[in-house]
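Below you'll find a set of structures to go through.
Common to both upcoming complexes is chain A, partnered first by chain B, then by chain C.
So, the complex of A and B:
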């Protein structure tokens, strides 16, 4: 049941690094969950495995309890800095939010991580992902993740599975590109996120 | 005694081969003697001879298998395969072309007219009485007039005795054909009919026997495959059932495992979902718990850094220590207890000892405790789910291993079952095969019995006619030896012999009388040596040996009391120039037989040779001492069908007309030529 801890945290650090490089920093913890979800969901477009492919659809959007712990650990290890940590109460319940940001120690660790070829590949993908997200004019990722093909088609309280065997992101991205040539992975990723953005803006009409 | 057919008159009308600006058609009277058809290549000599042949045979032919050996199969004819023979030679498809002959059979006459397009009978008259113009009627008439036992015999007579055409159908070299001809010529009609009937029956039964025997053998071979298995059939069935049961058992086990696999899978999925929900709930419960306590730390550490606050919150809410990574919920228990008791969370000093006299934020202990309990409950639930998931996952993996281990035994048993299934006989096949064999063997015995009966009947007829036949055979030998002298330089004789053979491929072995050719040669010059087959003599010798044999048979068969006919196509092709005179004298002698009523008809090419004058008796043979009587010119004209005048002229004739005309005159009318 437990994913390899180090791999998960390394992935998270690279994710924070990609956000930092695209000036999406500091980043809200709730947005981290949503973007981590999206980045996992679209990883097969770049032929990368899905690290976290199972979660329960809840009213606050994609949320990974284990991610919450990993963020805490990276804070405890002094690799990312939290800010504006606050517990809030709303109609759903009590929730913790705040912002986090990669610090210099964290950046140094990212450089070490990228010495591994596979992690370098993951880093390249996450940077592309963040670049694509950044190109959406800073829109909140809340509706983006909700429009994702896997999340959107499941009812609340039921599992959202984006594991490699069940992942449809690549097919969805290819369907959006009706060229008579083979699109690149980069084209597919950008096109897919832009499509999710259109869904967010215009709802069904935009789709 | 049989009556040979002798053509006395011929009419051909409307046939373009014999149509030119001076004459249309052919009409010729064949009285006794030598008659010649004279022409050059391509003028229609062969066609004319074939017209004569087909007028008598009709559109019938020997079966393919009978062409090399007479009556090799049955005494029956098949349809002539080249029915377009005559119409293909003309431009108008032989429309309106007819030919007719009047033929003599002893003292009786037949007139038959046929359309050359398809040989259909146009008119049939027997002894002046018109009959139905059909093949059946013609066949009946021919049998009646000839005295032969069947139309097959008549056809054989024409092909092997009377007509010696381009295809040179030979009799002498095949002992079966020889004996058939002896039967045709020398058995009385009743015996001849009976012999050929019994012969055909024996052949038919033999053929049926062999076919059925082959079919039975095939079944017996199959039975051999089935029977040994049948002895151990019970064992095979037992083995098969056992293997099937074992396979079934394994499959059932696999099905159970598969079902359990599905159940476990569903359970794990359900647990996982529940666990994740519990985890979310726990998060929320912790946040709630934190929320309740956040006032305390704000009071204690008003300016704590976010990171430190984050650490304390996690600890206080039972979320573990993010500093060292200890995820245990009890790790913050002391801190929590201190908070609840109002002690300092850092040094645990009691409230009374604190400097800060401002009360802490009022925390509802009860609410916190309730939240704490809820958190504990959730954590316990999550742990329980995790443990169950681990156990079920372990079981799932064991199931997968177990199923994997079943694959090979299942495959092995499946193969076993298939193998055994193939070895089992089809339901009822064994009995069916045995029944078939029993039934067919009875039929086989019947065929054998009937064949043997027919063979015995045939043998009896043969024995009855043996003495007569023997006498005839001796006479044929004598005739042959005399005739051969005129045709061959080497000393050529027939010797009597016998051959043992069966009628069919199986059955009784019988002895048949036959002739063997014996001849001297350059190597064996003193005494004639036996020549077993046609290959042992030269081409020309072969033809004349057969011709001599035919003539000998005709001579003995007719005994000079009934006319006979011999039709020969281009004898000069094989005749040595030295023998032209002798052969011609022989042919004239033949035609002089039966009071001069025999007919010798030959087709010949115009050449510089002596054949035509010799044949017409215009020169005497060197060895002859007889006075030469030259036939009158008119008689010679009546003895010759001059195709130079009768046929449609071809390019050869047109190009060399004068030359050929001169040759003709020189050959037929040398005396007139000398005079001029």
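So, the complex of A and C:
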């Protein structure tokens, strides 16, 4: 069971590296969960596997218990720096939030991870994902995940399944392409995130 | 398909109409987000931004130069007292005498003011700031509004520099005819690859006639930036994955004149010599091998064009062979498969070019 855990943490480090390269860090932990959900569910657009294809729809937005655990471990290993950690209370209950950011040691680890060709591909995807996300003009782009085709259609408390056999991201992204365009993976990804932004802030303001 | 996802798909279809109505396709980067291409893509976006910036009549400009640096992280520069800008959304910003720190896009940039010492030239002030903050070794570009010069340093100050002229591409219809496309590729070749002093610095050992390794990839990236520069919209791409492989460059139909359709380009570098496996000797590459390499390009591009339903396909050979003898059968194969072919000779010196031209003329 050790290898999947390592793969998951390597993925998370590359995800944080991509955010760092787009100058959008530190990121709120709750937003990390949402963006990880989205990056995971749109990975098949780049023919990459979905690492976490199952979660229960939570009122606070996508939440992966394993991700929280991994963040804690990476902070403990000195690869990710936490800041502004605070306990917040709302109508649903108590919630631990804060911000995280990859540090220079974490960046060096990312460089080593990218020596593996498959992980280099994953890194290119995550950087493209983050580049698309950073270019959106929504006020709270992390809320985009709520509009995702898999997430939107499920009621709270029920499972959201985005695993490879059930994933519709590529199909949805292709549906958004204009007829006269030759579909490219990167165009599909950018367009799909634009679509989510469109749904989130509503109407033509987003387009 | 599950019924709830049917509902979502219906919603998706509704959104398509809205999104396309206010279509602004200018957001898909031409190059992928990798270490090898990230800087060139940023420069491409900057060129687009600066073109708009120059044509914005509401801007206030001192005409002083500015620099843009691509950083991997903002952390080392946190304490520079910098202002945050969203460059992509603003063209009326004063850019003069500033160093902008950018990531992989222009969504967030950090501006640092260069000190204003009496009598100091503002270009020097910018360079001094780059040096003092250890930014000059990072990929960067310097823009001078007065003359529109935009000089790129993709590998830092000690590496290659690529001068571009922002003003020259500000007006006119940017859609390409096939003749215009060929003209641009020729112009690219003149500036980047024809001679050893070209901006792509193609030769590793000019005396022995050995090109740098990975030249095909390097030329592809530069050509993508060159073609997409000043051409609004996400129209030119590199690294599109198809089940049968990866075409080098795709030009979407919206960048071409009506009726031409999308255009796919395959680039092949024909080498005269290469290093031996030990790296100490030189090995000649036969014409037969180069011919096979070029022919494989025709088969590739023909298949890409068929799958992508492209209107035209090009094989572009960057020819660095020592002799300029014809490659028998290449032209016929291209013609037979409806592939247009360009052969661009690379010379080790201007003298070598003159001699080749004279030889051609005496041959005729």
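Convention: the second predicted complex is superposed on the first by the 192 of 207 C-alpha atoms of A that agree within 3 Å, B and C clash if a C-alpha of one lies under 4 Å from a C-alpha of the other, contacts with A are read in each partner's own complex, and residues count from 1 in each chain.
The rule is simple: a contact is a pair of C-beta atoms (placed from the backbone, for glycine too) under 8 Å apart; a residue touches a chain by one contact, two chains touch by 3 or more.
Since we're looking at a predicted model, the values are computed, not measured.
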{"item": "Superposed partners chain B and chain C on chain A - clash or fit", "value": "fit"}
{"item": "Larger contact residue set on chain A - chain B or chain C", "value": "C"}
{"item": "Touched partner set for A:93, first chain B, second chain C, both or neither", "value": "first"}
{"item": "Touching partner for A:144 - first (chain B), second (chain C), both, neither", "value": "neither"}
{"item": "Which of chain B and chain C A:43 touches, first, second, both or neither", "value": "neither"}
{"item": "Touching partner for A:175 - first (chain B), second (chain C), both, neither", "value": "second"}
{"item": "Partner chain(s) touched by A:16 [first = chain B, second = chain C, both, neither]", "value": "neither"}
{"item": "First, second, both or neither for A:24, with chain B first and chain C second", "value": "second"}
{"item": "Chain B versus chain C as contact partner of A:35, first or second or both or neither", "value": "neither"}
{"item": "Once both complexes are placed on the shared chain, angle at chain A toward chain B and chain C, C-alpha, multiple of 10 degrees", "value": "80"}
{"item": "Smallest separation of CA atoms, chain C relative to chain B, angstrom", "value": "17"}
{"item": "Common interface residues of chain A - those touching chain B in one complex and chain C in the other", "value": "none"}
{"item": "Partner chain A, residues of chain C touching it in the complex", "value": "1-2, 4-5, 7-9, 11-13, 15-16, 18-24, 27-29, 32-34, 38, 71-75, 88-89, 101-105, 107-110, 234, 237, 239-241, 250, 252-254, 262, 308-310"}
{"item": "In the complex with chain C, residue positions of chain A that touch it", "value": "18, 20-25, 47, 101-104, 107, 120, 123-124, 127-128, 130-132, 134-135, 137, 149-150, 152-154, 168, 171-172, 175-176, 178, 180-182, 184-187, 190-191, 194-195, 198-199, 203-204, 207"}
{"item": "Residue ranges of chain A in contact with chain B within the complex", "value": "1, 54-56, 58, 63, 65-66, 68-69, 72-73, 75-76, 78, 81-85, 87, 89, 93-96, 98, 157-159"}
{"item": "Chain A partner contacts - residues on chain B that touch it in the complex", "value": "269, 272-273, 276-277, 279-280, 282-284, 287-288, 290-291, 294, 306-307, 309-311, 313-314, 319-325, 327, 386, 389-390, 393"}
